[in-house]
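Pasting in a structure now, in structure tokens, and then I'll have a few things to ask.
Order as written gives the chain letters A, B, C and D; numbering starts at 1 within each chain.
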Amino acid sequence: MLLFLGSFLATLLHAVLMFALAPLLAGLVATLRARLLGRRGPPVWQPYLALRRLLAKTTLVPETATALYPLWPFVAFAPLAACALLVPGFSTGMITAPLSDFITLIGLLALARAAIVLAGLETGFAFGGAAAARDVLFSVFAEAALLVVLLSFVLLAQRATVDDIATVFASGHVGLSVSLGFALAAILAVALTEAGRIPVDNPAGHLELAMVHEAMLLEYSGRFLLLFEYAAMLRLLVWMSLIGSVFCPFFMARADAPWTWPLGLLCWAAKLCSGAVALAVFEISTAKMRVFRVPEFLSVAMLLGVLAGVFLFVAARIGT
Amino acid sequence: MSLDYPLAHLLGGVMLLCAFSLLSQRRLAAMIALYQIEALALTAAAFWQGFAQHAADLYLTGLITLVIKAILLPYGLREIVQRFNLIRAIETALPVGLSMIIGVGLIGVAVLVVLPVTVRAVSLTREDLAIALSIVLLGFLVMTTRRNALAQVLGFLSTENGLVLAATGMPGMPFVAELSVAMLVLLAFLVVGVFLLRIREHFDTLDLVGIEDIERRGR
Amino acid sequence: MFGLPGQGMHLRVDALSLLFLAILVPQVAASAIAGMGRSVTFWVFIAGMVCALLAADAFTLIFGFELMSAASWLLVLRGDRGPASLYVGIAMFSAACLVPALFLPAGSLAFVLVLLGAGAKAGLAPLHFWLPRAHPAPPAGVSAVMSGGMVKVALYVIIRYGFVEYGAAAQPWWGAALIAAGAASVLLGSLRAMLEVELKTLLAGSTVEHVGLIAVGLGVALRAKAMGDPALAALALQAALLCAVAHGLFKPLLFLGAGAVKAATGTTSLDWLGGLMRGMPRAGGLMLVGAAGMAALPLGPGFAPEFLLLHAVIGAAGTGGILARIGFTALLAALGLSAALALGAAVRLVGIGWLGRPRSLHAAAAGEAARPVLAGMALLAACCVPVALAPGFVLALMRPVILLLVPAAQPAPLAYAPLWLAVLVFGPAAAAFLLLQKFARRGAREVPVWNGGFGRPPAWLPFGDPLTQPSATGFAAPLRRALSTDLLPAAGDPSEVFLYLPLLRLHMRVTRLAERIRRSTIRERLAFVFGALVMFLLALGLEQGG
Amino acid sequence: MSFCLLAVIVPLLGAPLLGLLGTAGQGAWGNLVLNGVIFALTLLAFADPGAGLIHADTLGLVFGALTGFVGLTTAAANIAFVRAGAATLSLRRWRVYHAMCQVLLGSILLGLYADNLGLLWVAVEGATIAGTLAVSLPRTASALEAAWKYFILGGAGIALALFGTMLVYLAAQPAAALGPGLQAMSFAALAANAGKLDGALLTLAFVFLLFGYGTKAALVPLHGWLPDAYAEGPAPVTTCLSGLTLNVALIAILRFRHLMQANLQAGGDALPPGPFLLTLGLASLLLTAFSLSRRRDARRFFGFSSIEHSGLAVFAFGIGGAAAIFGGILHMLLHTLVKSALFQALIQAAALRGDVAPGGFGFAHLRGLLHGNRWLGWLLGGCVFALTGLPPSGLFVSEFIIVSQTIQRAPLVSLPLGLGLLLCAIAIIRNIGPLVFDPPPARTVSAPASPALALVALHLALTFLAAFLMPGFLVLLLSQIASALQ
């Protein structure tokens, strides 16, 4: 009974932190980008101000919207919130651990993406349709690469849930291997595509023709736009936590051992900050790709994933 | 009975010669004359077989062959030739030389097929059968190498003579077969007569070219 | 008695045929309610399928199989005469392959023939080119049961002969062949589903994709069983059978919806639809359930089978040599690609067809679907709920079938618990709704669409200038440019270009030859007879002389 | 006076009667009455098959009854044909036409019931001559050409058959029991002591007989005469009745095959007959598979389909074994029923469209029959569908038996067989769409159904019952025949 109480508290803490820190992380990345470019940049808590502004704004509903117009923001936000609860942040072994199967995560991300695309098509206006088509194009290659990367993880850890993968990788007997390097490169490419960061889509850009993620939300305003913005921030945090917990799962706390939580929280914060810095540096060093170069970029990621699987086979033969 | 075998063989040989030379003829009148000789030889063979096998019905067959095939049919055919004034030569589908070579080949096939088959049978019937089969095949060859309707009918009648020769060669062949052979000739003549009059009505020539281009248009 | 003179026909029911009958029941009921109940040919079609499923001997199976094809041919013919003869040609080709297979001794040749015959009927690549042409032709109720049921009967034959009849003589390469065909179908089917503009052709393409998924599941199971790994075989079989059940529910639902759209607007081309949700809200809602199944989204009916299949393929990637590893990795990439394509197709179907602004007057004036059609669709949607939210329960029902096919298997419990996931999804959603209700500014103001600054549309285009709207072809254009230039040659499906058209040209050449023989003159025909006679005599002479 | 003899004599006596008196209509009714009597006689023949020259075995009796029945239904369809096409022929020609119907029927029954080889040959020859005269009745050039082709090819075939018959007689000479005379020409006697015949001569005879009766059974390459004979001349006699002559020739081939097989099994040095029959059967199947697709005339199209089905029957006999022969015989029975029903329906359709002359049977004329007359449309569609061999049609059962036997006894040959059947079925089924469901040509009138359609429906029902619900006694009868002729 005590064990259950411990992990329940850990999950509660994890949830609160996830929902609270999402805008902070987005703000941190934006500020770091500005500073690296020599500008003062907005304060780190700017996203919170933006969300509060949207709370107060009135919601405008276009005439040609159908009855499902108010539904899509919630269908976009809910799966990402579920992912936030499933992906281990500072500790493993939470009560949501058995549910956190990698394929369920991929499904939830796909559901969120579908909702945003449908929101783009909701009012039937030009930019929404074009952006939706591009988003589907990128998702086709991204999902293929993601599944191949997942194969490497499952073959290494012999487990399917993210939680178990993290604990097995943490136990150290896996060691550094070439295939994990390929897998990291591949999953980073996919993460950048999914989160809509620089090489694929410019989060800060305002040119409708170039937008992918932003253009689908042009018809939304007020509280619905708030939900979409918040969902985007949550997605960035989910991806960072996922990559962090899989690729450096060391010193992660155990849900049922409260004394390990402070160290876990510290590590998690360090991982997020280093992730933000890395993302900011990467974003200012590369330009946004042309739309039809992104499929090649993701095909390279997929091939890296395949190579990872093949090298695992070779390593397994030589190693054991 | 030593005379029995060589005489039947001789008459068979005469018929084979007529059938073979039918291949080379270009003029209808000559083909009809050859057919008449063949029919006469057949009559003689039938009478001779009747005498050799002491079978009365072979005499009747010989009589029928004489009356119908040796006399009536050539007369009818010459009548047709006169009506359609077919004096000029009829062109053949195959060059004559080639059809002669094929004719020899056919005789070879007939011999190849018949000889091992009847090794146990009486040698008379074996020789007779080989000749009869050769005449049938040669008659067929005439039918396939002539464009003129009348020439085809002559080929058919020559084949038919080969059959009667084979029938007379079979000892004890029941009378039923004889009647049927006769009926075939009778009706063949009737039908051919009706046809040639009608062809005359439609194509005003005996040549099958008219009929062949109908086929080529195809339906 | 009825059947072969002297032997009659024998029927029997076992777990496998009971499962496939269960798959048939809801979709037949739905399409009967939706208006197909009155047609006699429809019931003959159903009788053929049931007879094929319950067949105990070869004659009954082929009788049912061909009766099903004959009845559906008549329905396709009444719908649209174009693809009817292609359809019946493939149906007869599949029977022509099955009949020899059932009389040959159990072995590789027999299984290849079964694979060829049943694969042609099920729409497995490379023999799938007829399916997107023939299935849209008949009325919606019939194409629903054709895509949902008839395809399953063909797969039933593969399962019956792959696992039960030839079970002992099974070899691993049988599974590999089935996986290869399945993977090709998945890729080509999902690509066709994404690129087609006609609604029913799009759904037929998605049928080819789901047949591919089931075939991959069966292939992995067959290979695992042949290599002596019953656990993986059970997992793959669960994936395949659950996918068959789920597809048998949401595909007929989508087809009935397409039929309702055709009845309401007179067209099924997505470029002429749009904004149907306004005119047909209830049918639209039910289509959403179907589209969720087609896109395999979590909490939808399609996700559990996809979940199991991916786990089975990942499990299979661990077994076998380097070739198997590369093959299965590529297969995983293909499955991921086609899952995203299916998602794109579903989103395109719902987004372009049902949301947005109408692109034609018919679409604008579309009235709600007829009540029986809605009743049929509602029945299927209701059946989708247990598969979506309680797949564990459905798999427990299927346990006897799995044990029949893989005797030594202990099916593992399902790792995907949709009910708990629903809690995790709806919890935060409800919380967000309440928070917004409390803190955000309530109410909403109706304003004209901003539409990137375009002015208000002119009076004669009340629902906006179609040029400023996304269209179905436009939505698929980036993918067509990125993917299909090499996969899908311009002339259409690759199997059509490299398999069907060359055979058609060969048939034309031989027909011309036969025509020349038919046009020969009397003399030439006599020459044929004479030549044949001389050849036979020569053969005889050499035979006896030698 | 056995009923078999009576059944043969009645039509041969009726022929001159119809040939000399009565108008076209009276001739048609006379035909109907005569055929009714003949049908009754063929049924009674089961009780007393008779002895001597005309003594039918069970196979002959079964097909005799079938011939009687089809003759009756054709005579019924003939009435509509005569009424619709009264103007096409002169009075004298109508009388010749009705006489030829009776002569054809008489020769067919003689061919089925004759136990003597010579009589069988005379019957087939009579059928050929009657057919030739019937085809040549209409005064068109193409009818004349078809008749000329029919005569030359038929005559050549007949000559070969006669030569074969003589060789069989010769082969029976050394057999101690038979000796010269009628005894050596009777099927029953020959079959009884087949072992003692001279095998090599019998094989040579079989080649000639196969070519002779193969011409009459329209096997490729001997089929030249059939498509044009079917397409020209008055419809009922040149299609329905000449369809029955195919059965006579096929049964003759089956009987001679049995002689060869019995001689082979009894240790004689006859060659196995299988390869000969398989070659001709497959040739027929494959050539028609590719000749069916470009036909514009319905009667010529279904003529080719008859070539295909007789090829399939010969193929089944070539496979050998009781089951395959059972399948072959069942296939002949069912095909005769379906094909005659189909032609009768076509005659009704042409009568509906007003032009029963040979030109009136083009597919373009007969388009969209469903709008002309619902019953006729559905029944004609049903008949054409029954030809394809898809399940609701009875031919599915016989083709299933043949294919399954082929796979078990000669697997390699099943590949071309499957291909041939598949292509033929596709070519046939492609015509149902335009024939029944297309919009009709302009200015066509729709007319109520004529009673003869009920007979067409009766044919289809019989086909279904005979195939799927075959009564016990018929199964016993056919399997006895099959095992006897193994």
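Assume contacts are C-beta pairs under 8 Å (C-beta built on N, C-alpha and C of every residue); 3 or more make two chains touch, one makes a residue touch a chain.
Only a predicted model underlies this, so the values are computations on that prediction, with no experimental measurement involved.
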How would the remaining chains group if chain C were removed from the picture, with no chain shifted?
-> A | B, D
Please indicate which chain is farthest from chain D, where distance is taken between mean Cα coordinates of the chains.
-> A
Using only protein Cα atoms, the chain sitting most centrally is C
If you average the Cα atoms of chain B and of chain D to get two centres, how far apart are those centres in Å?
-> 31
When centres are defined as mean Cα positions, the distance from chain B to chain C in whole Å is 69
Whole-Å separation of chain centres (CA-atom averages), chain C against chain D = 45
Out of chain B, which residues touch more than one other chain, so two or more?
-> 113, 116-117, 140, 143, 152, 211, 215
Each of the following residues of chain C touches two or more other chains, namely 515, 518, 520, 522, 526, 533, 537, 540, 544
Between which chains does touch occur?
-> A-C, B-C, B-D, C-D
In the complex, the residues of chain A that touch chain C are 55-64, 66-68, 70, 74, 77-79, 81-82, 85-86, 96, 98-99, 101, 103-104, 107-108, 110-111, 113-114, 117-118, 120-130, 132-134, 136-137, 139-148, 150-151, 154-155, 160-161, 208, 218-219, 222-223, 226-227, 291-292, 295, 302, 305-306, 309-310, 313
Complex interface listing, chain B residues touching chain D = 113-114, 116-121, 125, 129, 132-133, 136, 140, 143, 149, 152, 156, 159-160, 162-163, 166-167, 170-174, 176-177, 180-181, 183-184, 187-188, 191, 194-195, 198-199, 202, 211, 214-215, 219
In their shared complex, chain B is touched by residues of chain C numbered 515, 518-523, 526-527, 530, 533-534, 537-538, 540-541, 544-545
Could you pull out which chain C residues touch chain A in their complex?
-> 274-275, 277-278, 281, 284, 295-299, 303, 306-307, 310-311, 314, 317-318, 322, 325-326, 328-330, 332-337, 339-341, 343-344, 346-348, 350-352, 354-357, 415-417, 420-421, 424-429, 432-433, 436, 439-441, 443-452, 454, 463-464, 468-471, 474-479, 481-483
Contact set on chain D toward chain B in their complex = 116, 118-119, 121-122, 125, 129, 132-133, 136, 141-142, 144-145, 147-148, 151-152, 155-156, 158-160, 162-163, 165-167, 169-170, 173-174, 179-182, 185, 198, 200-201, 203-204, 231, 296-297, 300
